[in-house]
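Each in structure tokens, the structures are laid out below.
Heads up, the next two complexes both have chain A, just with different partners, chain B and then chain C.
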Partner chain A sequence: MEANRLKQVMARIFGVDVSAIGDDASPDTIENWDSLRHMNLVLALEEEFGIELTDDQTVEIMSYPLIKIVLSEHGIEI
Partner chain B sequence: MENVAASGVGIVGVGRCLPGKKLSNAQIEAQCNLPPGTIEEKTGVRERYILSDEESSSTLAAAAAKQALEHAGVTPDQIGLIVCCAFTGDYVYPALACKVQEMLGAWNAGAFDLMANCTGFQVGLTVASDRMYVDRNISHVLVIGVTAQSRFINWFDGDSAMYFGDGAGAAVLGRVPEGYGILANDIMSNGRVYEAVRLRGGGSSHPMRQENVDLGLQYFEVNGMEVWKQVIQNQPKVMRRVLEKIGKGIEDVDFYIFHQANLKLIEFLMAKMKQPMAKTFTNVATIGNTSDASMAIALCDAVMAGAIKRDQLLMISGVGAGFTFGATAVRWY
Partner chain C sequence: MSRFETIKVGDRAELTHVITAADVEKFVDLTGDDNKIHVDSRFAGTTPFKKPVVHGMLGASFISTIIGTKLPGDGALWFSQSLEFIMPVRVGDEITVVAEVKNKFERERIIELQTDIFNQNRQRVTTGTAKVKIVEQLVEEPAESLESLKVALVVGATGGIGRAVATRLAEDGFAVALHYHSGREAAAELQRSISNNGQTCATFQADIVNPESVQAMVDAVVRKFGGVSVAVNCATVKVANCKFSQLDWKDMQSHLDVNIKGAFSLSRAVVPVMQARRYGRIINLTTQYTESTPPAELLPYVTAKAALAGFSRALAVELAPAGITVNMVSPGMTDTDLIADVPEKTRLMTAAKTPLRRLAKPRDVAGAVSYLASEDAGFITGETIRVNGGQVML
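Up next is the complex of A and B:
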């Protein structure tokens, strides 16, 4: 359920089909994952999950697995 | 000494100068083989100004300084110190500030240059105000941020050509009543990413010899991804640090002047801090990233537009190659 929410957000921000967001998704697998869209991802995750990412977390979330780890630090298990 | 009862140090005049040649995105996109619209989409920049053959850092700096002096109602002989924030002086040495002293006839001023790249103007404000707080004999200081970086950009390399423009901005610091003016400054650096944005040619590791020119070392090298990471990770930190010094928080800031690196970055910073864009001023769309001059020109334009009012808490903050992060809190007078 939460995994689907996360993948929906990522798909919307990167402009791809949700099926393109694999469990290993990163800038290496998603061509549209550039700095501009990453900033939009930060803001979208904060809005979707009602959290506030720390300064360091904003640059740590550079892959789907790393986003899951950071979300778990906010009490959201994917 | 003037106004000896005033114990604060504030910005009492501003000025700016842009060079004569306008350069559009279409021209850069054509010569860098970028699809039309790429530059505005990535940076928010639509156009920028670059030096004509007759212009240099000193001509821009002196013009901005004269405008700031006039705005402040201060004559050149009242200036006790000139700080030029620049990495593109007319020569490698001597200091550009000494040339500007000569052009202004500011014969009572000491003068030196300061290098903190795009954070330069904020670091200049820090050093200048510290000097004035320590030495009560200095009534006014001229802080100038200036860049002539078009001379060091490979205009066929989209990674660096898309961002930058030339220009100069200046501020006159003077005595203001206690509680007004520059309240606190903070500077952080991260030398771990020293190589991320650099100009190697002409330095002592890579002197201006033919073999280094052949390698293209006379041009900027910009790792845009690293710039972005450093900004979003560290600029909010340095702003919070300076606000903690005066017992304030982000929500207490009335207006922000940021280094104009990229409109998208500024929009992100404001959104991340949950601050409305109405609380900042941007001109990056029409003049590009003017490096050392950027915050000085933005401040000047905001003041002239009436966007900053007395008693407001102003945040001036930037990030520059090195990397160096700076923030200054000002109670506007």
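Up next is the complex of A and C:
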């Protein structure tokens, strides 16, 4: 359930179908994942999950698996 | 010249060994001598000795080691020995076994040896005289050419990288000496794995921070395989994050001991063997952290590996004229048990930041070692092959 929620956020930010967000999604697999959209992803994750990412965490969310780990640090298990 | 002719009156050989409880257990298993004076502390406490006494013949058995492997070595037929046990030996004692040639009897091709055993306090615990006949081979073995000797000693063969290196070198046609420290079972399993592929290997135990132990291991490898042409040093200490403010010097010392004292002892032991054939390859495993901004809280590891890099280059300069190359393989974070305690986030981030987008695998490292061990790398020394997926480019 939470996984689908995360993938929908990412799909919306990157302008792709949710099916394009694989479990290994990263800038290597999603062409639209550029630096500008990365910042939009930070804001969208904060809004969707009601959290505030630290400066380090905004850099660390470099892939879908890493986003899952960072969210888990906020008590959100994907 | 025959072995008998090369031996002179006054020639000496010695070895040291620390007697352990395991030694006593093995001796009891082998001989069945479970006399309580040797194995039962309570019983021994009721005797004038107060504590268990190691079997005299256990210590004396190392006289056999000296005669059979050093003086005179191969072809020794030990046919007479007098023994006097002067003082008790205890578990934990470091014994030094010394043999010295007292007489030669030309006609019978016999040498007479004074055989003494001393403890760590230089007290003589055992003394005696041995007589040994030297049996020469009727037909001399053909001398092995330099190229035909392919023997690789892999130190730390039971670790993730060591195992991959040993497996790869066996595939490359090397007879592989598998060193282990405490992982006897892991070494035996690796030996089975390599042997099942029809390749040649054997296991050798040694404490890499003990120079005598390392020398004894190399002697044993030489006896088993006829020499050492390649020595790969994969020994390391488990990496654990620790802030500088919480470090003790012993944390530094343990890394320096394994990395520097170990490399020093290993090199001291294998270089004479390699020099004799004017051929050798020494390969030390370092880390990319010595060449880039290191991660925080790995100070002992990074310091020791940086020292090992300097050691390798300095040694390379000295040994090059003898036909011995010294090189390094410098992996990035490698997917082995060594990083079991590294958080998954750190591993994923490292992979994400790596141009080739993954961590190193042990076989990646083994491939680089294989190249440096090969004939093709004959004009490369003091060099580092970086196996880091592009994380550090110099």
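To be clear about the criterion, the second predicted complex is superposed on the first by the 78 of 78 C-alpha atoms of A that agree within 3 Å, B and C clash if a C-alpha of one lies under 4 Å from a C-alpha of the other, contacts with A are read in each partner's own complex, and residues count from 1 in each chain.
Criterion: contacts are C-beta pairs under 8 Å (C-beta built on N, C-alpha and C of every residue); 3 or more make two chains touch, one makes a residue touch a chain.
Keep in mind that this is a model prediction, so the values were computed, not measured.
Visitor: For the three-chain model obtained by superposing on chain A, do chain B and chain C clash or fit?
Guide: Chain B/chain C on chain A - fit side by side.
Visitor: So if I put the vertex at the Cα centre of chain A, how wide is the angle out to the Cα centres of chain B and chain C? Nearest 10 degrees is fine.
Guide: Given the fit on chain A C-alpha atoms, the answer is 90 degrees.
Visitor: Quick check for you: in the superposed arrangement, does A:26 touch first (chain B), second (chain C), both or neither?
Guide: Touch status of A:26: second partner only.
Visitor: Tell me which partner A:39 touches in the superposition: chain B (first), chain C (second), both or neither.
Guide: It touches chain B, and chain C stays clear.
Visitor: Determine, under the contact definition given at the top, whether A:1 touches first (chain B), second (chain C), both, or neither.
Guide: A:1 contacts neither chain B nor chain C.
Visitor: Check the residue A:58 against both partner chains and state whether it touches chain B (first), chain C (second), both, or neither.
Guide: In the superposition, A:58 touches chain B alone.
Visitor: Which value, in Å, gives the least CA distance between chain B and chain C in the superposed three-chain arrangement?
Guide: 7
Visitor: Touching chain B in one complex and chain C in the other: list those residues of chain A.
Guide: In the superposed arrangement, which is not itself an observed complex, chain A uses no residue for both chain B and chain C.
Visitor: Any idea which chain A residues touch chain C in the complex?
Guide: For this pair, the touching residues of chain A are 26, 28, 60, 62-63, 65-66, 69-70.
Visitor: Can you name the residues of chain A that touch chain B in the complex?
Guide: Checking each residue of chain A against chain B gives 35-36, 38-39, 42-43, 55-56, 58-59.
Visitor: Quick one: in the complex, what on chain B touches chain A?
Guide: Going by the criterion above, the answer is residues 41-42, 224-225, 228-229, 232-234, 236-237, 264-265, 268, 271-272.
Visitor: In their shared complex, at which residues does chain C touch chain A?
Guide: For this pair, the touching residues of chain C are 344-345, 348-349, 352-353, 357.
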